[in-house]
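After this come two complexes, each holding subunit A, first together with subunit B and then together with subunit C.
Let's look at the complex of A and B:
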């Protein structure tokens, strides 16, 4: 009712009538108002119901004063349900200004897939939408909450988020990774240096061995929690494979240095040239120096061999060694005709690096096809652009040497693709007897990498897995050595930067728990537990306009040098690209509202609350739903701009609505003629058979409002006029005198196809005037569809939960159509308003009062008599099979675990007899319907 | 049946709703001859006050132990008669209602067949009621709170009341 403008037939303001009532409800000391709540289940019986109610998290606490500061900063816009989608609201909103309670709430529909797939669960939509609004500083804040490497990951991440981006199912995924790089580079260009997070030292010390992405992330997390962290790095520069593996033309060194330094700014100490082992630091050293825990983030430093003949030849090198020399020393022995074995990022990086260090020809040898290559797609394309050749479906079987003992050829078996393997990729199968030879003077092996753990497994506390990685608890990261945790590629095997970061984060969390309350089981229970929110994995928006994804600009001066090849988005590109995000999660989770709220009333981690409420009676007043006129495409709703639903027109008339009360067409003109179509969906055997009872009158009200506001000609197409209520017939007469054109006949169609000059640019309503006995074509500027009232979409589900009767898809059924219009078949449950059938406001109010009276009679009497027509179970006969417990629709049977028999809870038993019919041992009987009684009756009937 | 029951049978005319199609006198006469039946009567409206009074007086006067009323659907008047027999000191659950209106007179046009059907229905009710045991209702307290689901105008109105 709050959505209506005026009420009929008195034409008084709906809000003016309703708001005092709403305020009264909000302020009444005996009314507890539970909004955003739904009934989940009902048990008990008349006078003694237990109702399970889920109060959905609103993410804003009762401290909210309704000031609206949060709305000002919220970057997420969605169509307003209250305004019928005619204008936008933010993700933090209140339905309408007079809403009671006057609190805001945040709409969280679920976890977006970009965030869900991200190994470190970056609040992706948060920063993307802040970028869309030009708030780059806060976007970076969102990223840095979980990720100290925005500039690095913005360049090299394999971005699984983009593969799952739901926009990708419409056109192309949002360029999330490039947006991250944009903000990181923006900050650098602005000369802004990020402040480290404030930390409070807790006096505990943690050693991290290894300064790759896993180790650095663990150090970052622990430092932010107040730990004193020291990183021990084997090489003379930090960064692990980010530095030794990824070439500078993808990740410039100053970018990496800047981000590592920012981590160190959090008070992290870095010791270079400090390998773990006999020559460097030992675990004993660390313990004696007072480190409370140690994290091993050793990475993979050994290349995997192919295990084929000739592999030991000079000229065969491993990619890790090759890239390390190039990346750390800018100097690496490179052949003229280089071949690279493998299809991952290391293979592509090796190939592109070889081109930069003097190779004349580089060929990649890969045993599957291009589609199965695990490398990032853009990198493969870049390699092809630079001239790297690719040999697919070939697998090296022998490295062949020439006269001088140098590598000259790689002999490869030809392959074909067979059935998919565990990874889902099709397994390559050799083609017997078919070989090729690739001429080469250097072969770089980039098939896989292993950790170098020989020195560690001498200690009996450490074990290797069957994949030759370090054994650690998959939940707690604990090794066999107390206080020593392990993470990163050394544990998981080769992964990507962001995956290693996730592993480092897990170890840091485990260490924090280990050094605080010690509840390591928490990691098992909670760390990988999915959120309670649903995954937004099926977001489809039919009719969404296609918007092309922005292309990542390339550096025209880069050539094949060590200069970075890709550039950042321009600001215009970044904003345009960020605006492509569908914000499918509702709230993007950027959390800028938290800072905006000076009452501290925003809690993004709020959970739903489920409570059980004891009541004596229940009144169901869940209302109706407007018929969706899209179901009748001939009226053009959803296709033509100026065909409105009745609720849209209500909002349009309302002074605080989307047009501030102006009745105007989509392009802002006052209409010269308006048609109002009665009975849309109602009294129609294809849709709603019933008469919706209010549409005639509200259609008259609309006609009056159009005349009053615009002076346009108004045409009402009606089947017959139903003016049954008090003052309704008088209202109809008044409208007849106001000059509305009434055309008796249901409109057949609304079209924009003009047949006459005066129809040009108009909507033409076609229908038969049954009084004149002729067809009419009425050109108008606006059509209002007076849709019928139908049961709410979830009425069947609510009926099931409350044990109410309703025919499938129909309104709730009252106990008796005349004598018990507000009672239901379940004693103690009453109906009120349009959930029982289409009705107008006076009838709804009358039913509300009647239902209240029904409930009060019960409460006032204070006790209720239960009929004795219930089941009983014979203790001696019951076999304890529990079939009756499953059969009972009222949960009225308990199981006595001591005697191992079923027992009827008489108060709950409704005497339906289901248990009696189903009881295999004949132990259940129903009083008043015992076998003797029924047989006697049948005998009498048949005598 | 233990043979000691004294059953009173009442056949209702329901104005002409029943008697138009069912020979109520014949049904009453038939019922009177059934084993255990102490008396059988027909009357214009069993649901009327005189009808109810008649049952109450008969229970006392003829020492009835069971009552059968052959009339309309129990949804209409089962409770009415239960209250009446209870008023005369009888347990309400040793009374049985036989529906010879909705399930007989209203759905048939052949008076002879309908009358026979009514007799059988009454016969069944008489035999059934002989097997009835006294049942006792249970009183439980009512929780004083009320829940309103929905906060539109009907829900608001109900809550405020």
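Let's look at the complex of A and C:
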């Protein structure tokens, strides 16, 4: 009722009637309101019910004062249920301003797929929505909570999040990666330097060997937890493969330096030119210097060889060495006709780098097809754009030399695709006898990389896996050497930046646990356990308009130089792109509201609470649902802008509603003619057979409001007018006198296809006027569908939980249609309002009062009378077989172990008689339904 | 015009909560259905002792109908499941007595399914008309000699 504007027939304000009542209830000392709660189970009987109630987490504690500051900052918008989707509300919201209790709550639906897929679980939906709201600083804060490299990952991440983005199942995924880059670059452009997080030193020291993404992330995490961290780096610059492997035209050096420096700002010490091993630092050194734990993040530094003839020829070079020379020294020996073997990012980077260091022609040799290339799609396109040639389905079998011992050709076997292998990609199979030769003077091998661990495995604590990577516990990262942990590519084999970061985070967590309570088993159990929250992997929004994904701008001046090729989104682009997010999870978990709340009333980790309450009587007043007019597509609801449901029109009329009480069309015009269609869904064999009782009268109320607010012509299409209540017929007469047009006949169709000039740009209601005996076409600007009332979608489920009766899709059944209209078949449970059948407000209130009286009778009497129909067992006859014990659904039968017979506990017996029917010795009888009595009935029936 | 078509006699065991109320609803809704079935109210379809059914046939019934709440809706949680398990065994037994298992009907009627109740009675009456009179009592020994009440095993 709170959604209504006016009530019929008196036209008084719904809020004025309801609000005082709601406040009264909210403040009553004996009433405990449990909102956002659900009955899960019911047991017991009249006077002694036990109700199991699940109070859903509202994520806001009772300290909330209702100030609404959190709403101001919340970036997640959803259609408001209260406003019938005509307005947006935030993920933190209260249903409506007068709601009782006047509390806010946060809607969390589950884990969005972008966050779930991200190896480091960045709260992606959070920062995307903050960008959509222009709150870039907080967006960065959300990213940096788990990711110290927003600018780097914003450029080079392989963004698995985008493959799972639910928008991608509609049109194209949100450009999540590019949005991350946008905020990172925005901060730099604004000249803002990010503040390091505050840390509290805990006095413990951790050494990290290697300054790649794994090592740096581990150092970052540990430093934030208060550890004193020292990073030992083999080369003279930090960054690992981010620096030595990724070229500057994809990741400018100043960007990388800035982000590494920010990590160092957290008190991390960096020692360059300090390799692990005899020439640099050894594990014993570290122990003697007082490091409590060590993390090995050694990475992969050795290229894998093809194992073919001629591989040792001058001119054959590994991509790691090639890229390292180019990226660290800016000087690298490059041929004129360069070939690159491989299809990953390293191959593409090598090819594009070769073009920048003097190669005239670069060819990629790959044994599968373009579709199977593991490199990032955009990078492959960029390489092609720059003129890199690609040979697919060929595999090198021999490096051939010319007269002077120099490489001249790569001989390649032609391949075709066979069955998929364990990685899901189709396995290349050689085509016997078919070869090609690629002319080349330098061949860069970019097939795979391995860690260089020979020096380490001399120590017997360390072991290699069969893939030649370092052996470490997959959950706790522990190596055989106590206090030494390993992570990154050296453990996992070649991966991506973000995957290495995830591995670094895991090692940091392990070290933290190791140095605090040492419960590594806990980590083994919990670290990879999936969350309990549902995954939002099936978010579909039918009717969502298609919006093209923003294109990443390219640097027009870059050419084929070391200048960065891709640019960041412009601000307009970024906001537009971020707005494409479907906000799958409700709340984005960005936690900006936590900072906004002065009272500290927001708790994002709140859990549902299940409680059991003892009650003597239950009143069910769960109301109704409005018929969904989409089920009748001929009326155009959901297709035409100005076809409204009745509740939408109620909200439109309301002064605090989406149009502030103005009755206007979608484009803001006052309508000149309005049609109101009665009996939409009701009295219809295909939908709801019953008459919904209120639609005639609220349609009259609508007609009056339209006339009153706009003076438009109003046409009511009705089957017959049902004005049965007090003052209703008089109200109908009043409307007849006000000049509303009544057309007797159910409208057949609403269309926007004009046949006459005056129908242009209008909605045309087609229907038969059965009084005139002719068909009519009525052009109008707005159509209101007076939908019927139907039981709530979950009524069946509730009926089952409360042991009520209702046929599928039907209202709850009362005990007797005439004599017991508010009782149910279960004593102590009463019905009130539209959950029992469609009814108007006075009837609902009367039934509510009757139900309350029914409950009060029970309370007043203080005792309940149970039916005497219980079972009993004849001691003399019982054989002690115990069959009845299994038959009884209420555990109301006890077995006397001394006498070896069964006994009925009368107070628990409900009198179903199942035990009697199943008693093989005839010892059990049921009072009032004894065998002899039923036999006599049978005889009587058949005589 | 009334014809001399066979009018089977049916004994119905209706559970108090769903099916009996459903039958009541059929009545208050003025739904027409054959008067061949005479109901016996039991608290639950689980109360229907197989002896009742055999006794009804022995005393001259042409068919027996057991109606309970839909599975999952039993007022006593699981009584109708007990009935559901007993009936197939009982049908086996009836077959051995030479009674067609079709003469025993188990159906689910909720309290709001007056129409379904009436439809079930119509169908069952038609089935029994097709099968013809049973005359079990006449063809076997007198009922009291058979003494079913004492000997029929509970299932």
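We adopt the following convention: the second predicted complex is superposed on the first by the 820 of 943 C-alpha atoms of A that agree within 3 Å, B and C clash if a C-alpha of one lies under 4 Å from a C-alpha of the other, contacts with A are read in each partner's own complex, and residues count from 1 in each chain.
Note that in this section a residue touches a chain if its C-beta (ideal position, glycine included) is under 8 Å from a C-beta of that chain, and two chains touch if they have at least 3 such contacts.
Owing to the predicted nature of the structure, the values given are computational and were not obtained by experimental measurement.
*Asks:* Regarding the shared-chain residue A:803, is it in contact with subunit B (first), subunit C (second), both, or neither?
*Replies:* Only subunit C is touched by A:803; subunit B is not.
*Asks:* Regarding the shared-chain residue A:841, is it in contact with subunit B (first), subunit C (second), both, or neither?
*Replies:* first
*Asks:* Report for A:913: first if it touches subunit B alone, second if subunit C alone, otherwise both or neither.
*Replies:* second
*Asks:* For A:942 in the superposed arrangement: first (subunit B), second (subunit C), both or neither?
*Replies:* both
*Asks:* Of the two partner chains, subunit B (first) and subunit C (second), which one does A:849 touch, if any: first, second, both, or neither?
*Replies:* A:849: touches subunit B, not subunit C.
*Asks:* Scan A:16 for contacts with subunit B and subunit C and give back first, second, both or neither.
*Replies:* Touch partners of A:16: none, neither subunit B nor subunit C.
*Asks:* Looking at the overlay, does A:869 come into contact with subunit B only (first), subunit C only (second), both, or neither?
*Replies:* In the superposition, A:869 contacts both subunit B and subunit C.
*Asks:* Going by the contact rule stated at the top, is it subunit B or subunit C that touches a larger number of residues on subunit A?
*Replies:* The partner making contact with more of subunit A's residues is B.
*Asks:* Could you say whether A:25 touches subunit B, subunit C, both of them, or neither, answering first, second, both or neither?
*Replies:* In the superposition, A:25 contacts subunit B only.
*Asks:* Identify the overlap between the subunit B-contacting and the subunit C-contacting residues of subunit A.
*Replies:* Residues common to the subunit A contacts of subunit C and of subunit B are 869, 934, 937-939, 941-942, listed in rising order.
*Asks:* Which of the residues in subunit A end up touching subunit C in this complex?
*Replies:* 799-800, 803, 805-807, 810, 813, 817, 825-826, 869, 887, 889-890, 910-914, 916-920, 922, 926, 929, 931, 934-935, 937-939, 941-942
*Asks:* Within the complex, which stretch of subunit C touches subunit A?
*Replies:* Result: residues 9, 11, 17-18, 21, 28, 38, 40, 42-44, 46-52, 55-56, 59-61, 72-73, 75-79, 82, 86, 110-113, 149, 153-154 of subunit C touch subunit A.
*Asks:* Over in the complex, which subunit A residues touch subunit B? Could you list them?
*Replies:* So the residues of subunit A in touch with subunit B come to 1, 18, 21-22, 24-25, 28, 31, 33, 35, 39, 45-49, 51, 613-623, 798, 802, 830, 832-835, 841, 844-845, 847-849, 851-853, 855-856, 858-859, 861-869, 906-907, 927-928, 930, 932-934, 936-943.
*Asks:* Spell out the residues on subunit B that touch subunit A in their complex, using ranges where they run on.
*Replies:* Against subunit A, the touching part of subunit B is residues 1, 93, 120-128, 130-133, 135-161.
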